[in-house]
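As written, the chains take the letters A, B, C and D, and residue 1 is the first residue of each chain.
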Amino acid sequence: MSHNTFGHLFRVTTWGESHGPALGCVVDGCPPGLGLSEADIQVWLDRRKPGQSRHVTQRREPDTVEILSGVFEGRTTGTPISLLIRNQDQRSRDYGEIATAFRPGHADYTYTAKYGLRDYRGGGRSSARETAARVAAGAVARKILDGVTIRGALTRIGAHGVERDRWDWDQTTENPFWSPDPVAADIWDQYLDEVRKSGSSVGAIVEVEATGLPAGWGAPLYGKLDSELASALMSINAAKGVEIGEGFAAAELSGEDNADQMRIGEDGLPVFLSNHAGGILGGISTGQPLVARVAFKPTSSILTPRQTINEAGEEVELRTKGRHDPCVGVRAVPVVEAMTACVLADAYLRHRGQNG
Amino acid sequence: MSHNTFGHLFRVTTWGESHGPALGCVVDGCPPGLGLSEADIQVWLDRRKPGQSRHVTQRREPDTVEILSGVFEGRTTGTPISLLIRNQDQRSRDYGEIATAFRPGHADYTYTAKYGLRDYRGGGRSSARETAARVAAGAVARKILDGVTIRGALTRIGAHGVERDRWDWDQTTENPFWSPDPVAADIWDQYLDEVRKSGSSVGAIVEVEATGLPAGWGAPLYGKLDSELASALMSINAAKGVEIGEGFAAAELSGEDNADQMRIGEDGLPVFLSNHAGGILGGISTGQPLVARVAFKPTSSILTPRQTINEAGEEVELRTKGRHDPCVGVRAVPVVEAMTACVLADAYLRHRGQNG
Amino acid sequence: MSHNTFGHLFRVTTWGESHGPALGCVVDGCPPGLGLSEADIQVWLDRRKPGQSRHVTQRREPDTVEILSGVFEGRTTGTPISLLIRNQDQRSRDYGEIATAFRPGHADYTYTAKYGLRDYRGGGRSSARETAARVAAGAVARKILDGVTIRGALTRIGAHGVERDRWDWDQTTENPFWSPDPVAADIWDQYLDEVRKSGSSVGAIVEVEATGLPAGWGAPLYGKLDSELASALMSINAAKGVEIGEGFAAAELSGEDNADQMRIGEDGLPVFLSNHAGGILGGISTGQPLVARVAFKPTSSILTPRQTINEAGEEVELRTKGRHDPCVGVRAVPVVEAMTACVLADAYLRHRGQNG
Amino acid sequence: MSHNTFGHLFRVTTWGESHGPALGCVVDGCPPGLGLSEADIQVWLDRRKPGQSRHVTQRREPDTVEILSGVFEGRTTGTPISLLIRNQDQRSRDYGEIATAFRPGHADYTYTAKYGLRDYRGGGRSSARETAARVAAGAVARKILDGVTIRGALTRIGAHGVERDRWDWDQTTENPFWSPDPVAADIWDQYLDEVRKSGSSVGAIVEVEATGLPAGWGAPLYGKLDSELASALMSINAAKGVEIGEGFAAAELSGEDNADQMRIGEDGLPVFLSNHAGGILGGISTGQPLVARVAFKPTSSILTPRQTINEAGEEVELRTKGRHDPCVGVRAVPVVEAMTACVLADAYLRHRGQNG
């Protein structure tokens, strides 16, 4: 219900603005007895943090997490886990036009329309800095998901997609783009340099896969696993589309082609001959790999002047200076993973609640 | 939270199986004093009901709605509105293999994996018949949304999409496909005949548009309007993807192209020069038309035999006889509209709650 | 969140008015595979139904329940269970003054103040008839609570309370008051005759006990078992107070007297030497019997004329004719039991969800 | 749903342990544009903080609140307000027996039974220190409740109650007990000295009153204002009973005596001739003063040795040394007020949402 809470039994409440003193989250409903340290969380935050290559924002944030509650002698106690991340690099500056003009394509206008005021410093609550809290929560969720592996990859930046034939998960940690395709990574390297130098930006697609989850998670009808994933992934900054398995391509398939036929494997368990469904049927996991994709729009924080208006109702031209990601999709990869982890942890606990 | 409840202040709980005595919903949180009759709801149910053309299931259901509570002397009282739709055409028959074998691509296997049993008659709870309850709830939601127009269209069946140049909303009621493009409708007419005759099925894409809503609905971050829409639309049977505005195409755009520039209109109000955002920025409505698309997979209830297994763990071949929609996307159009209406009604009431 | 939904994983949504065509509930989140028939529910409804002695309303309602969904071949499927109870004895009559005047002490005024209109027939949604739906839901909850026994007793009617020394649970089904004390039952029999004949009404106290539940159910801090019980029991019509264990008497105790000391029993398990806590410490069950009490006010539907006002803003005198319970507490006993069952079923599933 | 979240549109999530680095809360759903500073919150925290008289725990905590988010240039932005209170006086010491033995009447045993482990330092999550976060949230709630006055009083400590004839709200700030009766305060002063010196403890009753709220807040049936108050107040540490208006005394009243008759006042508005209902009918506010009472048990942290067991399953004797409130009810007064404020703020926003 809550605007800033996500999940049901495993619940995450995030808070904080881009240029406030701190941001963080409260993770409630975590099972007791799990080993959890700040280092366990930091490793995932480090994957997301800014300033790690020339292709992302040059804001310098260590994103150091503090556990303020819910852990005792290295184990979760079952009570709420409060996680705090101090903002360090809220570079003091004159916000100038940004303070009163609405960046086209940004939340500036809608926040003002809704609330009558907005924290204009770095985008306030609408800043992608909030996603650090999601990644921290996702680290806790992963602790619950013993045996489940969740990993993401960037499959497209603007005009350039990866080749499925070259897909290698191990490559995703070998380049600054989480690209599973080293050739695409090389192309993007040059391409994003151009984008950045021209003061422009570009969109992207992230794919996430979860393996090792059993059949039976998720629940009809408004708690379908795909519905919850769609909600979670679409809540990430700049997301404009979510698809599961074949996704939009399924619209062009025939029933024969789309059906994942089943056989009995050598171990006597069901085996699917394909995974068009992306691991979900009827809102419930099939036991196959869960596969989802998220489309991210290009950020509108660009140097090219755009026509807009300001709070006084005047027409102005605006160019957004500052330290921005030319492709927000790049740093979204760990966030997509984290949200997937949160959805799965919640689905697991709810399944266990109803079905034992 | 609840698996079968959708919404927050405007809440819909649906229940019922394909071949049980009835299905229905409880609509809670509706504002008092709204005029509401069974006829107001029936008009929308009639748009969805089966048997209206040769291209959809030939099951004959009048889908007559009864209001059992929450309305007094023709007006809503603010208490829960219970809506009941009797199932009529639960043709008694031998379910044969369907009772024990899992249709590939269906929820048969996952329901069994989750619950240990399933109501195999007509798909039970996983049947698209449940969407009648959604449409009934959507009719109530529309009553709340005075001034907002919500309308859907089919934009693709399998290989054949509509031409945007020929888009005419008035056409959507002139053909059995909700096609805004009469040429596409003619193509689909012949195409679906072939699909049906071959015992196959095919996917589709539905687009929905809502106009007349103000800027300010929706709420960051996990109650974003696009997040809630994604959740609602992905919960519809056979949905595999959801996108807002440019959606997946946004991944290929530059920031310059994607930003919706703003000017001041003749009435002194903000005007957007484009609508790549699909009417939502930062999770909050911009006041522009809200535009979303949903991809539907082809139903796997097909006559072509497919390899599968049964509850006894045996490998079998299965062909699904019976009365099925060769393209479930067709009858999904009123359902997509209804879910959009429910999301918007809830967003409106929540906005009014927080912001007055 | 919903106004007419109770519970979290085990969720009950009720609907219906006193003089509408029907009332009922949707029970969501029930574990699959439980044996459930209409007879299983009817037995509890029969305990609550009106017209069973001269001391309760003479409205004749069979309160026959129909299961419309969620059960297949005698077992719960894990999908929502829709329960329907037709209203039979909505005696058609002229509501006269009741239609426009506000009965003092009733919800007439507040419903009108809130909603601008009200269904005045028999109290509409505020009627105690709604509690039939609670009892039906409670019957489902009891199915989940294998090994837990929940039973209620009336401990006070007006000036006359039971003697603890004479407490015998078996007596509660031997008199029309659920009295555990046969002497009190005899006193009440005569006392309520006088109350009824004088056109008056009187309050009551109900005590409920649940045994057989393990230590560990409930959860700090806003999901404390006592907090949830208080919420559930206070939501019953005419309830004005709820207490757990010693309750208000605890205010007068010393820490020495109130502490339930512990020893190790012969089976090696913890044993408490007393149960001042009523089975709950820190919001979590101790494994001892859970004990709660609810105070019910006298109904204000009395024959004695009372000063009030009407919708036109005029001062009037009103006496409430019709078929009313002179002591609503009597028929509340099965309702208190049912709400306790719902709270415990939900607590059990949530505990299992978080803690396995 | 969440175990540590309270409320629906106005939502409070609390976190933190007695001897952790900090505690706090996230307040979500607050309307935008309200003036809010740390000083606005501190004034209420100062009323609750320990060490202010010899009758309460001598733990020294400044309970200084920091606003970490949700406020910009002195006004609420509509985004989550994160409030942080550092623990200062977590006196480092040997916890000795407390670490492994279960204090009778405490949550020690139930936390261990539920979670398998517990943070034994100062009671961990079950400590009354958590109520500081409630008071901070209540301060925000009060900002929303313009025109509503909420005030609490202690009406009983152990054997000694206040005299209603001497009730004077102004007195509540003139003594360390929030007593509205100066004579009772004098009696308590001496009485609590004795209790404390003997190493014992004693229970108490708190009464809270809210005036200035209109008719119409609250909602049937499971969101009744009294149901939500009961839930909120029963969630406070050591609470064992909640009653509204006449409460348990209503059980002994006749319908004639209990009904609050109505007249038209000089201003043409409804006037009630009494307030047995405590300001709530049918779960909805009447516009009269809302009156509730909460019973608190005596703390079991006493010096007198009590029989108990430890985690090893051994029988031991335990006396609880340390800095404890001999009467936890005293410092509960600001907490009861705060929870009442949170319930009312939520009811107000929800009413506005549904009813405009």
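Just so it is clear, a contact is a pair of C-beta atoms (placed from the backbone, for glycine too) under 8 Å apart; a residue touches a chain by one contact, two chains touch by 3 or more.
Computed from a predicted structure; not experimentally measured.
With steps allowed only between chains in touch, the distance from chain A over to chain C comes to 1. Centroid distances from chain A, each centroid being the mean of CA atoms, peak for C. Chain centres here are Cα means. That of chain A falls 26 Å from that of chain B. Rounded to whole angstrom, the centroid-to-centroid distance between chain B and chain D, based on C-alpha atoms, equals 46 Å.
If each chain is reduced to the centroid of its CA atoms, chain B and chain C end up 39 Å from each other. Residues of chain B found to touch two or more other chains are 1-5, 8-9, 14, 29, 32, 78-79, 114-115, 125, 220, 355.
Against chain B, the residues of chain C that register as touching in their complex are 1-5, 8-9, 11, 13-17, 20-24, 26, 28-29, 32-33, 66, 68-70, 72-73, 75, 77-82, 84, 114-119, 124-125. Across the complex, chain D is touched by residues 1, 8-9, 29-32, 78-79, 220, 349-350, 352-356 of chain B. Those residues of chain B whose C-beta lies close enough to touch chain A in the complex are 1-6, 8, 14, 102-107, 109-111, 113-115, 125-126, 130, 156-159, 195, 200-205, 214-224, 226-235, 239-264, 268, 270, 273, 276-278, 280-287, 295-302, 304, 306-309, 313-315, 329, 351, 355.
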